[in-house]
């Protein structure tokens, strides 16, 4: 058992080392032309505006919350699934009660609309102004 | 792997003189190096395949020039180019975390390769809770993504990272529940044992067992992993029309390549796990025919690349979904159906 | 094998102390929560160590699983409260949040 | 000192160092990274204690669940500039003294107690997941079902509180 986990750990470390090694190689090979514009924050060529702070929607939190609760449920479901073959009906009923209680929670957040993200409202397409349309047409003809 | 080491230690080679601990360390490191290379090469193959398949789907030819035959060296040349590129770190970025995030993401991806069975004896770490380990270690990738987005100190990076994290965690639940169906049927979390019950031909594959519930579970698993690897039609975190390149907007050079390699390695990992759980893993679909030694590696690769091909095919067929549709798919379609599959299999097994 | 129960217990005690330090010194509510998680981890190490060295049944490990579950539930509720607080006060500094008037 | 001991000391040092990083760090995201390493180190300690299932659960729930939730909480409540991300500390010196005192007391207690350790032979490295499944379905059935109620309460309560804030 220790051998298996040690192997996994070595793999994790080697993955990191692989990136480090290549970063080192890259450091030797790469061209370096530092320029203040290069290291400014990228905003599609515009000058960066404001701080990179966005008021995130609280729904991100609710999704993470529902995920966490179900993740915890899953850590009980896995050992249950291992012994399910042997224990049969009894274990099945127990687990169904467990799952049902948690599905009530899912039903709650579902009914309260916590899982609905804001849908884009279907706005009728704005009428194109006459002059704009004409300009488009003439430009195409010209080119 | 363990047996191999013991045989070598007991054999009449020069290796027999070394203590077992040293042998273990040598072999684990060797395996790690080999699989790191395999992982990188697989990512390159995956990128090449994506380009070629997408090109043919769109009725063009894709890269044709580099390396002669159908541009097969194109991705290798791209990798070389990425090594030569300047590594730009934004002035406002958190330098330490900016550096650390790609390492974490690639390391976590490679760590999942340790337990993947490429054949009856070709598995580095035959862990008894292998599949749970994969689920656990994959969550490090999410953390790496959030850290990368935050460390870049860029609006789009952060928004992309949050989107990516929310998406991955939402789809992790249906994926885990679909995997659970297999564990119920086999009674083991060891990937090797899961394959062992499927040896003997295509009719023994677990996807056909408990029809139609395992098939349903496979479909759920496939869709969920599609979203977990940020593939189209669920590639919102990288929706270039909305948020530039998502969480790796501020990454360049090899740090960016690390994310890219990790993404394709993840695709491959997901394909191998899907093939192992549902499609017989390394076993041949024709019973004993071509089921020995190296053929096992061929079969697992063929199945995994088959799944990757379907992923690419879907990417170039379907348009991107909206965020609300994404959440709808995960919580209101896949999760309830995954529970239906579990309950259905439970009934099958009791009756 | 020289590493025994006491080594694990000392490690756990040290981890507990660090968590406690975070809880009593930090002003930010989220950091305080992180400290609480450290304390729970320390307790878990004790449970598992006892399960290994004193009571070789797995009861200690099951307890640890229940502790993890409780930690998850408490983190979920606590963070919800923190978010709520932030919406009201636009700060999650615990010194400013000592009013019960809501 | 055997290899096992060396690994234990490495993991212990790693866990404590990253926990210290979490406490010392002024930046809250750096604190979260410290916490990440610390959780990971504790998972390693679990493996050394022959609790393989628990180690994976530790990573799955703490790193994959709680830490992500914490990071989401940070992103939702902080202005993401380095100035505002700093978290101040209160009464540092007396707190360190008090905590050090507590640690010394704990250390003394651990050293002086005579622990009733069972013979080493019984403590083998055997897979635990299946046994935990049996125990949950038999001896720990009532707590197991209560957990579902607890989780339900946490889910509904937290969703309710979070929604009220907006």
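All chains are identified by letter, namely A, B, C and D, in their written order; residue positions are counted from 1 within each chain.
The rule is short, and it goes like this: a residue touches a chain if its C-beta (ideal position, glycine included) is under 8 Å from a C-beta of that chain, and two chains touch if they have at least 3 such contacts.
Since the model is a prediction, treat every value here as computed from it, not as a measurement.
J.: Give the chain pair, either A-D or B-D, that is connected by more C-beta contacts.
T.: Higher C-beta contact count between the two pairs: A-D.
J.: As a quick test, compute the distance in whole Å between the mean CA positions of chain B and chain C.
T.: Those two chain centres are 33 Å apart.
J.: Taking the mean of the C-alpha atoms as each chain's centre, how many Å separate chain A from chain C?
T.: Chain centres of chain A and chain C, defined by C-alpha means, are spaced 27 Å apart.
J.: In whole angstrom, what separates the CA-based centres of chain A and chain D?
T.: Roughly 24 Å separates the two chain centres.
J.: Counting only residues that touch at least two other chains, what does the list for chain C look like?
T.: Only 65, 68-69, 72-73, 75-76, 79-80, 83 qualify.
J.: Residues of chain A touching 2+ other chains?
T.: If we look for residues of chain A contacting two or more partner chains, we find 1, 5-6, 9, 52, 54, 56, 58, 60-61, 64-69, 71-72, 74-75, 78, 81-83, 99.
J.: Multi-chain contacts in chain B: which residues touch at least two other chains?
T.: 127-128, 132-133, 137, 153, 158, 162, 165, 169, 172, 189
J.: Report the topology of the inter-chain touch graph, choosing from line, ring, star, complete and other.
T.: Looks like something else, not a line, ring, star or complete graph.
J.: Which chains are in touch, pair by pair?
T.: Going through each pair of chains, those in contact are A-B, A-C, A-D, B-D, C-D.
J.: So in the complex, the part of chain A that touches chain C is made up of which residues?
T.: Per the touch definition, chain A meets chain C at residues 58, 61, 65, 68-69, 71-72, 75.
J.: Can you list the residues on chain A that touch chain D in the complex?
T.: 1-2, 5-6, 9, 51-54, 56, 58, 60-62, 64-69, 71-76, 78-83, 87, 90-91, 94, 97-99, 101-102, 104-105, 108-109, 112, 114
J.: Which stretch or stretches of chain C touch chain D in the complex?
T.: 1-11, 13-22, 24-28, 30-31, 33-35, 37-38, 41, 44-45, 48-49, 51-56, 58-59, 61-62, 64-66, 68-77, 79-88, 92-93, 95
J.: What does chain B use to touch chain A in their complex?
T.: That would be residues 1-2, 24, 28-29, 31-33, 35-36, 40, 82-92, 102-104, 106-111, 113-115, 124-128, 132-133, 137, 153-159, 162, 165-166, 169-170, 172-173, 176-177, 180, 183-184, 187-189, 244, 249-250, 253-255, 257-258, 322-324, 326-328, 331-332, 335, 339, 342-343, 346, 349-350 of chain B.
J.: Residues of chain C touching chain A in their complex?
T.: Those in contact with chain A are residues 65, 68-69, 72-73, 75-76, 79-80, 83.
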